[in-house]
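The same chain A turns up in both complexes below, where it pairs with chain B and then with chain C.
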Partner chain A sequence: MGRATSKDPQALIHSLRSAYAATPFSLKIIDLYVGFAVFSAIIQVVYMAIVGSFPFNSFLSGVLSCIGTAVLAVCLRVQVNKENKEFKDLPPERAFSDFVFCNLVLHLVIMNFLEEMVKPESCLIMSCRCRWSSCPAEPMGINFAQNITTSMK
Partner chain B sequence: MLEEDTRILSMADGESSREATARTLRNAFGNVLSFFILLLIGILAFSIRLFSVIKYESVIHEFDPYFNYRVTQFLTKNGIYDFWNWFDDRTWYPLGRVIGGTVYPGLTLTAGTLWWLLNSLNIPLSVETVCVFTAPVFSAFASWATYLLTKEVKGTGAGLTAAVLLAMVPSYISRSVAGSYDNEAVAIFALIFTFYLYIKTLNTGSLFYATLNALAYFYMVCSWGGYTFIINLIPMHVLLCIVTGRFSSRLYIAYAPLVVLGTLLAALVPVVGFNAVMTSEHFASFLVFIIIHVVALVYHVKGNLSPRMFKVAVTLVVSVGMVVCCAMIAVLIALVASSPTKGWSGRSLSLLDPTYASKYIPIIASVSEHQPPTWPSYFMDINVLAFLVPAGIIACFLPLSDASSFVVLYIVTSVYFSGVMVRLMLVLAPAACIMSGIALSEAFNVLTRSVKFQLPGSSGISQVLLILSMIKSGDTSMNTDGEQNDIAKTEKTDETAKERPSKKNKRKEKEPVGKASIRSRVERRLLVLPLEASVIAIILLVLLGAFYVVHCVWAAAEAYSAPSIVLTTYSREGGLHVFDDFREAYAWLSHNTEVDDKVASWWDYGYQTTAMANRTVIVDNNTWNNTHIATVGTAMSSPEKAAWEIFNSLDVKYVLVVFGGLVGYPSDDINKFLWMVRIGGGVFPHIKEPDYLMLNLIDFSFLSLCPKRDGQYRIDSQATPTMLNCLMYKLSYYRFVETDGKAFDRVRQTEIGKKYFKLTHFEEVFTTHHWMVRIYKLKPPKNRIRGKTKKSKSKASSTSSSKRSGTGKRNPWH
Partner chain C sequence: MSPPLRVNPQPLSLSPRQRKDPTTTKMARSNFSVLTILSVILLLPVLSLSFSPASPSDRRLLVLLDDLSLKSSHSIFFNSLKSRGFDLDFKLADDPKLALQRYGQYLYDGLILFSPSIERFGGALDLAAVLDFVDSGHDLIIAADSSASDLIKSVATECGVDFDEDPSALVIDHRSYAVVGTEGDHTLIAADDFIESDVLLGENKIEAPVLFKGIAHSLNAANNLVLKVLSASPAAYSANPSSKLSSPPLLTGSSISLVSVVQARNNARIMITGSLDMFSNRFFRSSVQKAGSPKKYDKSGNEQFVTELSKWVFHERGHLKAVNLRHNKAGETDEPAMYRIKDDLDFSVEIYEWSGKSWEPYVANDVQVQFYMMSPYVLKTLSNDKKGLYHTSFKVPDVYGVFQFKVEYNRLGYTSLLLSKQIPVRPFKHNEYERFITAAFPYYGASFTMMAGFFIFSFVYLYHK
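And now, the complex of A and B:
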């Protein structure tokens, strides 16, 4: 093993590429979609790390919508994959309609969650339940407007 | 495999078409029959819970249901938006409580929807009626859900048996009799249904069911805090599947969307909110979410590469992956460590460490349903199922599928949790029913088959054919879509185990499975018990079932139907005597006091007072503020004057105590007094528990039996002076000697210590018929000596504060 370390990764990449070249075009599109979703999730996490997670629900819904989209697309990919023997009976139309249904539910929930805020009074009273206090201090500029809208609510 | 069997059959028989039509007919008949059986099961589940209505009346029971009833009333009157924003100023005076943000809304929303639906259909039922009958209706749903779940695991027969067992399991009846309008009533249905949808998704691999699963999980989160059980059990099962080499893409579809959707949906419920991603109870699911992705990726890559290249990839990835894993774990540990109590809430910690609550949180320990159960309570609550469960576990291993491994995991974990808290016996009950259903139906399957074979008239080839067809029909009844795959898979591994490149230990695991399946099939072919033995066994099993039914009906009728707000006893002549003191007292309060008067009582009676008397209370059964409860506990265990000052500072007008000494009602305030002292002393150190305990040397033999710290709360002549002078003693036993001249307490079985005393700061305003509830009014400060009392009060407070400054904690009511 140790002898061929310089060669093996290249061979590995080569065989991976050749194996991937055999996948159908439609699956490649799904892969691209998954990759995009994961990429945007990563961007949001990096943004959170730099700027702060103040409207925590919007951060959560953003990241989870990306992850959810990716997961559902992976499920679709698994189901429509011809090589997968487990889903021989499942027609791709059915798989796609399930995918659309699940996405609808997911994004309805996310739209609902985007605007939800912890009520100020419950924050006061349920101090043990409220996690706002543990939120990192956020810079004024970006979240100031959101702060004001929250407090006005 | 099925096709193979049919082919053999057709070759042997030659009349396959007729056979097929007969089979479809039989199937159709079976479906209709099982539909009617399910209908009957639903009726059974509903009607066995009506004993409380028939024997007593259609009332809401106990404590928590009154709060739920009140919330439902508010919901139906004011609508959903006001409900979410409801700030309740009738409880926790002067703090109040945000009901909309702190309550699990599932039950009230369900009942409110039911009520709205019925009213829009012009069926004018009152809110109370709907609330009373919500629990029985949902227990019918729960038994249907059990049927579905068990059917997914082991086939229709087991499903029907499990549904019957669940319809009348005493543990579940205890929480869902008509009138017991509590979260658990709908939560158990939601729990079972979520599990069913998970198994269904696992068996079919359909994204549609995965979505439904997430929605069912949402309903569960809405209705009960026990949802953490689901969100920990399912990851455990996924992990188990991965570790035992049962990973499949169906598993991925069942789990990954559930975590994402479920987390989002759980965060939508106000009472959970960001806890869904912030507390450790949920971390397990995220960890497994990451693991399943890694595993899925590995399987995917493995499928695409040659074994040699895969090895190279593994060595590459492992070296890189270790670093990433270490980083992830470090981040997780930092997250957990940064949150208080290491991210675990008290209740969950007390689940992991059963002694946690009694050590640190007396308020959790004080609730009787949070105590560990005793052995008799197992027999009382699940009865003969306790003996059938092991047989069911064995049946689940023949053959082991994903679904049956889930059920095994479910019963193992729930047995542990039920051992920690009596209340979680409720989670165990469905698992026990499923297991026993599987065991019973398998047993009947074997026994009736062997009876059928040995009936006269069948011999030779026809018998072989019969056996074959039996095997086949057994398979059809047992196999659902997913399991079929599994059996096929195990057979395949058996044939091709040598060819497939897999790790040694994995093969080791797989081979016994394959062998076991062969052995079980051989056994099934040969398993014909002697006729007499099987007939006797059938009779014994039926007897066992009959015993279970008798016990359940007894439990439903006698043990669990009492509403605890109306009590009954049978006198020696057989006459029925009704104690309706609670409602008498609450009615008195609502008729004779001002609307804004505050009533102080121990927290047990808070919900009932707000719901029935509509008066503001200081503390109630939602024990979210320990300090507030400790204040009331301190007042109850203080001498009269100090108690008056505390109550007066809280604006209290009336004090309500529950006293059972006259009629022998054991769960009265004197028996709960231990917790008042303990909780009060936990916050205000000037209340010391030993002051109330009797540590006399004469009773040394008795004392050594119980732990010294618990000691004895005595109210007889040997009681400590602190005890005899505290408010709770005085309010309970004021004028008690006038009843029989001896002041004999029938609960404690003694004569009380101090019989003749007068109240200086309180006056008795109402005592119910059987003295069970006594209401006192705080006397207004006297005009004549007002200046004097003020002076002395300020002096007292200054001295007490100086005294207390040494102890660190200050009484905020001075």
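And now, the complex of A and C:
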């Protein structure tokens, strides 16, 4: 192995670029799309770090919509790549329809999740409270509706 | 209470059919029957007015005596009951026709046992019948004396007090005896150690000591419903006055109860005393001077004490009822079927006390409501408007589940109030959460950008060639 020189990184980048130039245009579009999604996810994380995590559901849905989009686009890229022998039997039309369907599901879920549904102080685990502590015995249980004992003789 | 009057609508529905009948005689008869029924129906409101309104006070009392001479020797007590509207039925305790109930209905609302020496009741009455009578919410006064039989003692034991086992023992007090002409054996006691309770003994303080001559009893420690109303002084003890004390007496000091009361969980009230003479005209009228005290009262406290306590026993005082339990969201009037977490709500209940004649507003500042789900999440003291209406408002806690409004009011001498009403509490609905939060706009923007991006990408990807 030769020693590293200052020319090596340049040569590396150059060879990468020349190799990438050979990539089909359709894959380049996907790469651009993935890059955009990851970039907006990073922006949101930075924004959350500055502003705080108050609308946490909204934050999650915003970031997850970006991540989900990126993941689905990467999956599409894997499937439509001609050099990938694993999916050589899968027609690209089928791969694209899968991509569209998964995106529809993803955005439906994101829309549903976008509202702030969980109040920070709201106690989700409610019924376990006091079940084992020293409560006075519950004499009538749950069928106690409207049972007003007014001691009429 | 008299059984509710029922109107049978059957005869009315028959009459139109009869009217269609062709024969004139039947026509006339049907007209007559219609008239009769109409007049009865018109008179019904008037008739029902003559029935007494529902009231918790006792009306019919059975008085069991050893000896009918007690009727005259204790006449002041009996007359005071009669003047308060009670219907007294005097019977000998061994009367063979004695019965408390007939056809499953109780014939009496209260029982006075002034028959200490009876070994066996006559008729269908026995220990179990007396206890059933109390268990069904009726009231009882037991007076024993030195001749108390095992039967009377066992009735008292079942009610939560134990009379002294020694049949010859009397309560003796060498310090707070009542001064009489001769020195005597100090078994006539001037007791003034009353329980401090206006509801039991009336608002007027009993000034003069109460004369007591009889046997001692102690409270059963396991029974927390029994109360000592008149306690013996610390110097009292229970022993046979005519023999020398060979061993220390079992019952001494203020553990001796002279008069006790019980309010059962079903609000039946029981009064137990070891002195039948306490109720007698002789003690009522007697002057009293406590040993060591210079003050001599012309009249003993017996009459006031016994009268006031009997008012309590027979539910003329201290009987509460709670009605109109209401709750609604703040600003609304209708009672909702369900609350949401963090709703503001108003709660109100009306509490009245029976005064012997009518329901009067009950005024107290210690009535509390609980918003309860296995433990109280909210406990608030209710404020009242002096007219019996108790009210408060609070915020539903941030917990959902099936809650109850609970009012549990147990105060010395008053009937216990136990009210509860179930109400579910739900979390926020999906559309009740905050929307369009400013801080979340970048996230909204990102989500919509991703959607737009997906659309544009698909377009470009499909048509780039």
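Note that the second predicted complex is superposed on the first by the 115 of 153 C-alpha atoms of A that agree within 3 Å, B and C clash if a C-alpha of one lies under 4 Å from a C-alpha of the other, contacts with A are read in each partner's own complex, and residues count from 1 in each chain.
As a convention for this text, a residue touches a chain if its C-beta (ideal position, glycine included) is under 8 Å from a C-beta of that chain, and two chains touch if they have at least 3 such contacts.
Computed from a predicted structure; not experimentally measured.
When the two structures are aligned on the shared chain, A:29 is found in touch with chain C, with no touch to chain B. Of the two partner chains placed around the shared chain by superposition, chain C is the only one that A:37 touches, whereas chain B remains out of contact. With both structures placed on the common chain, the touch criterion links A:54 to chain C but leaves chain B unconnected. After overlaying the two complexes on the shared chain, residue contacts for A:95 are found with chain B alone; chain C is out of touch.
By the touch criterion stated above, A:115 is placed in contact with chain C alone, chain B being left untouched. By the touch criterion defined above, A:62 lies against chain C but remains apart from chain B after alignment on the C-alpha atoms of chain A.
Applying the stated touch rule to the two superposed structures, the overlap between the chain B and chain C interfaces on chain A comprises residues 61, 110, 116, 119, 121-122, 126, 129, 131.
Across the interface of their complex, chain B is touched by residues 1, 8-9, 11-12, 15-16, 19-20, 56-57, 60-61, 64, 67-68, 71-72, 74-76, 78-79, 83-84, 86-87, 90, 95, 98-99, 101-102, 105-106, 109-110, 112-113, 116, 118-119, 121-122, 125-126, 128-129, 131, 134 of chain A.
By the touch criterion stated above, chain B contacts chain A in their complex at residues 85, 87, 95-98, 100-102, 205-208, 210-211, 214-215, 248-250, 252-253, 256-257, 260-261, 263-265, 267-268, 270-271, 273-275, 277-278, 296, 301, 303-306, 309, 312-313, 315-316, 338-339, 485, 624. For chain A in complex with chain C, the residues that touch the partner chain are 25-26, 29-30, 33, 36-37, 40-41, 43-44, 47, 51-52, 54-55, 58-59, 61-63, 65-66, 69, 73, 96, 100, 103, 107, 110-111, 114-117, 119, 121-123, 126-127, 129-131, 133, 135, 138, 140, 142, 144-153. Chain C contributes residues 1, 54, 56, 109, 137, 266-267, 315, 319-323, 325, 341, 374-375, 398-402, 404, 415-422, 427-428, 430, 433-435, 437, 439-440, 442-447, 449-451, 453-454, 457-458, 460-462, 464 to its touches with chain A in the complex.
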